[in-house]
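Working notes, beginning with the structure itself.
Chain nomenclature is as follows: A, B, C and D, assigned in order of appearance, with residue numbering initiated at 1 for each chain independently.
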């Protein structure tokens, strides 16, 4: 089965009829009609439709080695430089479409499952069945264009239950039983973004607690469809709205976050990728270059987002006739500088890519780690530039229906700009407002800030990745112990 | 008539039945029952009730010189140091009640009208009737405990209509006719915060455009009840909600901003304070020490808000067991430092207060200007500290009804903290979320950032207020031209 | 004996003939003629002369309770609010004279020894002789106007020698013998600022290592003249120069830092203040409110320094005709804001002073701790503002003799400003250069940054001083658990 | 004549016997023996010697098209990608040798003259002789390995003389006479860095004032040897010293800045590149891609410098045993991030290079402009990290001779580190001190901050270079005017 259409995407999600709760009530009808999901699902559907679009199909798909069908390019394990470029071009098409606002654009998880697949060999030694499971699952996703999400992070309380607490009552996610049909798991995961608008979910406690006995029940990895018995999704409040005038971003890009609970869920045995040995779950991540592969997708998203923010900043400056002010120039050039930086980091990751031991080409990690440290710092900085430029224009903004009401003529008269009609001027400020001062914008900022973990986590990842630390220290030691003021 | 009760406050607002529009529809019922106003009006009512509370009445009122009734202390024109302290103590009671979240706590506008009153003499020379109007209006507000708002800032488009454009079609607010009954005005004002939940509105175009003829139609000041014919209020989208669990701040403190439109509104002649001469409207502001008097109220609000934010930061740190981390200590001590600073600035403004030419005691302007420059910088900084500390805990947060639903037990089990129940832990994160990542929080940040104007405006105000600039430059000149390395 | 003159100051220092090393050579002649000390000693002498100046003597001295002589006001233990004001006014006179550049202006150590004196009672219980020693030493300093320095901080290596290492070879400073004449100490101390240009030195290992036996040889406190046998002073490189045109600051204010080594130095028994019990040395600091008393002196110095920096910034802006630029206004107003803040904090520390248990009036610690956290942050920020404003004008600056050389006419022609002669213009940039880009300036920045310890140390001091932490956390708990959206 | 040796470099400079003044005295002996120049000249000589070193000669030279001699690779006008890589590798060799501290490493000016050469065609239309002069001068520099500096920036006072002031007395540099032998120029230039330790100087008033008559005397460009009659060099104070222990950086890298005065200097006619028409001087810069070509050299210097700073930071952290602290990790990873960024920007500039109209390959300007905006921001930030990490260790540091003096044993005992001898420990802190708190370090920071002009200048350069501004604004307009919440 080839790439899917937007219509198929919506149908499959609607048919799953998962156990999902919103503000204390179980959602009964199709998700695609529910206000909390409707806009996002239309956006997502349009992304899938692009794959079938004649203008894009050759850029966005490749021929399945198994079936000959066109399948999504983000599933392609890169074997050479040309593959990396193809992947990037494909991801750029989607990113420019959603302007970088979708953290779970399908290419993100497609890339994730592709990266795990490239390290399947590692599991042979753990359990050949698991290696086989992983390879087959990857092919299944690719051939069926499965929309995936993932569940990694456990609630705070899971840290509180000690490692020896493997009883039923423990809070950390664990395997409670292994039987002929599969494994039964219990536990909860925070922050499955788009958990409800995906078909399947990759489950992967990270980190798993260490354990003192032979088989660590906390160490496992698997993938499941969202509607297995025992699974519950609990939503946060939706920040979306339906009017694209009033809420230009959330009406399109509101990705719901869900808490996913597993209560004695039976995971079919062909869906198990790891079990019982923490070292394999850890190594699977590391040796698949998981972070590096997804960072190549994410930096493409970052670039599209910076372009959008730069366009918005310049539009706001023009609307308010402050383009010539020093501060505007400083900020504009700063954003242009960031854009150059992220493009250069992406290029560098591709140009200096290295082959892994299985022969796949992995983008260089250094430049991508740099991007994952830099973006969480500059994103809030840019948003602040925009809100400061927008000033009180972000506070008093009427909404769509005000323009067509009986008091609308007042708005048309009083809220126009120098060269703009009131409606367009207000639409521009609403966009700045939604980005810089709404709940949708607040969640975006928080999401970008912590995408790769907190600042300390990403710092250690960078430091551990750097090979020439000792070399630099040696250089200094040589420098200070040289008696000769001339070069050495 | 003495201070009013909360019940009276609500009744008076509901009875006004003003011409107000929300999302394109005219609001028909009582505002106090409308979701966009209900919580705020209850909060405001509780503030008024405090004045009658036996514990507070002596701290919050004084005896009217006209009627002998207890009237609000924020109406008291300070004559001596003890008056300033009384005023501050009163304002502190209200501030601690609303934790600094109400920009239009009644003492704000009470102080504003009081300050204008202290400069009424200035208007004698302009027009003795206007001086008399202002004095009587002040007494009317004080005796009736009138809830006021103000309308100063005109839409951007008003700058575009040239100064000579005094025709009917001009956009800048102006007097279109002066007759026996009063003056007829047209124009629009942005950002009357709590415009709809007040009884009256002080109208004061600032700045008024200069004008080349004798009588400048753009220069005027007046006060009107909110329900005069020709007045229209247009609301922004409400960021409030009714659940104090889900929306602990906006359920209490959501102050609606309104666009106020005057379409040939007849202002009764006893409500005119200035007309036709831009110099008087400008001087009235300046010589009443308007900014200084209100800044004394505002700094009291700032202090209450910093205390609340400090408490929240420490609570979040404790909940997550990171109190001992270096970054937590640095941030905590920084907030404590800010608290000391604002308290010291307030004390300094009182201790170094000076008498104006009418004998009223005006707080020292320097320390208050410092507070108005500093707070817009530190408020976003503190909010960022809180959101970073809250981390992904601000993203995936369930709501009130989830706890009582059938899936509630999962939440109680998985979302508890080390020493806290899940419900309280989530409530704490919801508070941090609403402050740092919601639309209510976004509007608060923007409001605080621009309360006194943008950074350049407040900078110039400070520089113009500083008298010893030349003295410092002279000190440097003497220093560098002294040949003697020993002191001079 | 009363306050001393500048001449006496210089004579006493010169006569000490201490064992002091500069760049590997023992200094033989009088320090007051040595280029590394000459300018500073003249500056210091001028400070002492001010005390005898008719204009100042009543403001700078009080009558000794023992002798009736005029003695320095900074020795006065404050008993009431008037004393604090007198002290502040006196310290302000000196601070304005040295523009805040002297970290060891005499009032600093005078205040230090005064503060220890106020806690002498504490030592009664430790050893009545030590209490007596401290009181007599304080009186000796006051009556003889002794110029003091202090030695607290031990070299890094002292941390490496374990606590049980009390042998001769240990690196941490310790008492190696106690005998009838006194105690014999060995050890080294970093950073006795002005160690060589003072008469005596207060020695006080802080913190002392804990120790497992009854008598802790690492715990002691004493004061000694600088020329006891066994004492060695080692200087850093001097950053001073003699031309007040080329080096306007260092020619006056270069305070040499010294490493002080004690090699079996016999401390006379009447100079011992503590010995053998770490708790007393620690408590002496704490219960004398040492940090608070000196912080009152230091904040006065800070204020004088900010005024100088503000004057310089404005002079540079005027010289380059950029006073009207937005960035200039923002920076100028920021510095004015800081000036208001430090003045307000000082006022607050005096207004809210509290009596200690011996009846002395101690300035409020909160505002002073705030100043000690804030200044290390704003000082480098201000210096950066100045260097950025000075731009390349800080790079290519000729020196004094160039103006009088044969090529001098070129300088007069080409380096003049719009309203300034070349010589004065260059002098202004040299001042900015010395502050922002010279070794003297670099050391000042580092000194201010770490005056009270590093950022974590000062943060913990603030947090531990704050009493209402729990109150704020309780406020939050009450807030989130209240069901009522109306105030509580 | 091929590349020169270090010895030849020194001989040529010494033989010039230029008219140079230091602290008001004309320097008489060889510059290479003068303390202000000695260390730098040795460093520079060593760079030249590298070219003859067998290990490097093939990497650092190419065969002269005219003579077949080996000439410096930085003179090579890049024709293709391989040339760019060769140039970069060559520049990297020198940069790593001087660790990025030399702003006037010979490749800088070699690149400058090469870039002007690539645009010589432009001058054909202006004056074919000038085009010929420029080409020949470039060949002369290349073949003789001439050490060049440049003089662009005029003193502030030159702005004060009006454009019509072309008389003898005007301050702006100008051509005072044109005759058969050449042109006679007068004027002064700030900031010829290494002006005295170069053989020739490129003179290029920038910008030249506009002028209302046909021939603009302020518009000219030329190159002259440093010892023409009428040329005077005035030095700033030297920040260098001779001990590589005490002053590890300035003993090697102190590049003197000079004020260069031209007093009726006759420029030989074959050294004139432009005259009389401001448009050609401006276009020569622009169309030679001057900023872009040199930025490719400078970014290579930046990279070497960041590596040095990173090594120093890590060494200081290790020496003080704080490598594991959170702040250390954050700072270390930040510096690693910057390193990745600059390497990526350089790579990007090479990969996306474009051919100019003469067929030369010009590195992409966007990434290089980004580097020129970013480095002035991060360099002071990194220096601050280092000084804060060094803490009071940067204040009390003894010097070389102290270790060998009679008090040396104390230093060896007390100043050692956990794993380091005192001498090496002190050497490390002296390095940090010289970088972060000395006059040499202060000048480096200022130099880096303003290398490409002030922040506003570099911002406008970036904005003007950016072609897709309109495209981004259009994207926003389309976004907000689209009614469809689904993607567009």
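Some notes on this structure:
Just so we're on the same page, a residue touches a chain if its C-beta (ideal position, glycine included) is under 8 Å from a C-beta of that chain, and two chains touch if they have at least 3 such contacts.
Please read all numbers here as calculations on a predicted model, not as lab measurements.
With steps allowed only between chains in touch, the distance from subunit A over to subunit C comes to 1. Just to note, of A-B and B-D, the chains joined by more C-beta pairs in contact are A-B.
Per-chain Cα centroids separate subunit A from subunit B by 41 Å. Chain geometry summary: the mean Cα position of subunit B and that of subunit C are 43 Å apart. Chain centres here are Cα means. That of subunit B falls 53 Å from that of subunit D. Shared interface positions of subunit A, i.e. residues touching 2 or more other chains, are given as 326.
Listed in rising order, the residues of subunit D touching subunit C in the complex are 21, 23-26, 153, 155-158, 160, 171, 188, 190-191, 232, 234-237, 246, 257-259, 261, 263, 320, 380, 384, 387-388, 391-408, 410-411, 413-418, 433, 436-439, 441-443, 445-447, 449-450, 454. Interface residues of subunit D, counted against subunit B in their complex, comprise 325-327. Those residues of subunit C whose C-beta lies close enough to touch subunit B in the complex are 39, 42-43, 45-47, 97-99, 242, 244-245, 248, 251-252, 307-308, 310-312, 314-315, 318, 326, 329-330, 332-334, 336-337, 340-341, 343-345, 347-348, 351-352, 366-367, 369-370, 373-374, 424, 427-428, 430-431, 455-456, 458-460, 462-463, 466, 469, 471-477, 479-487.
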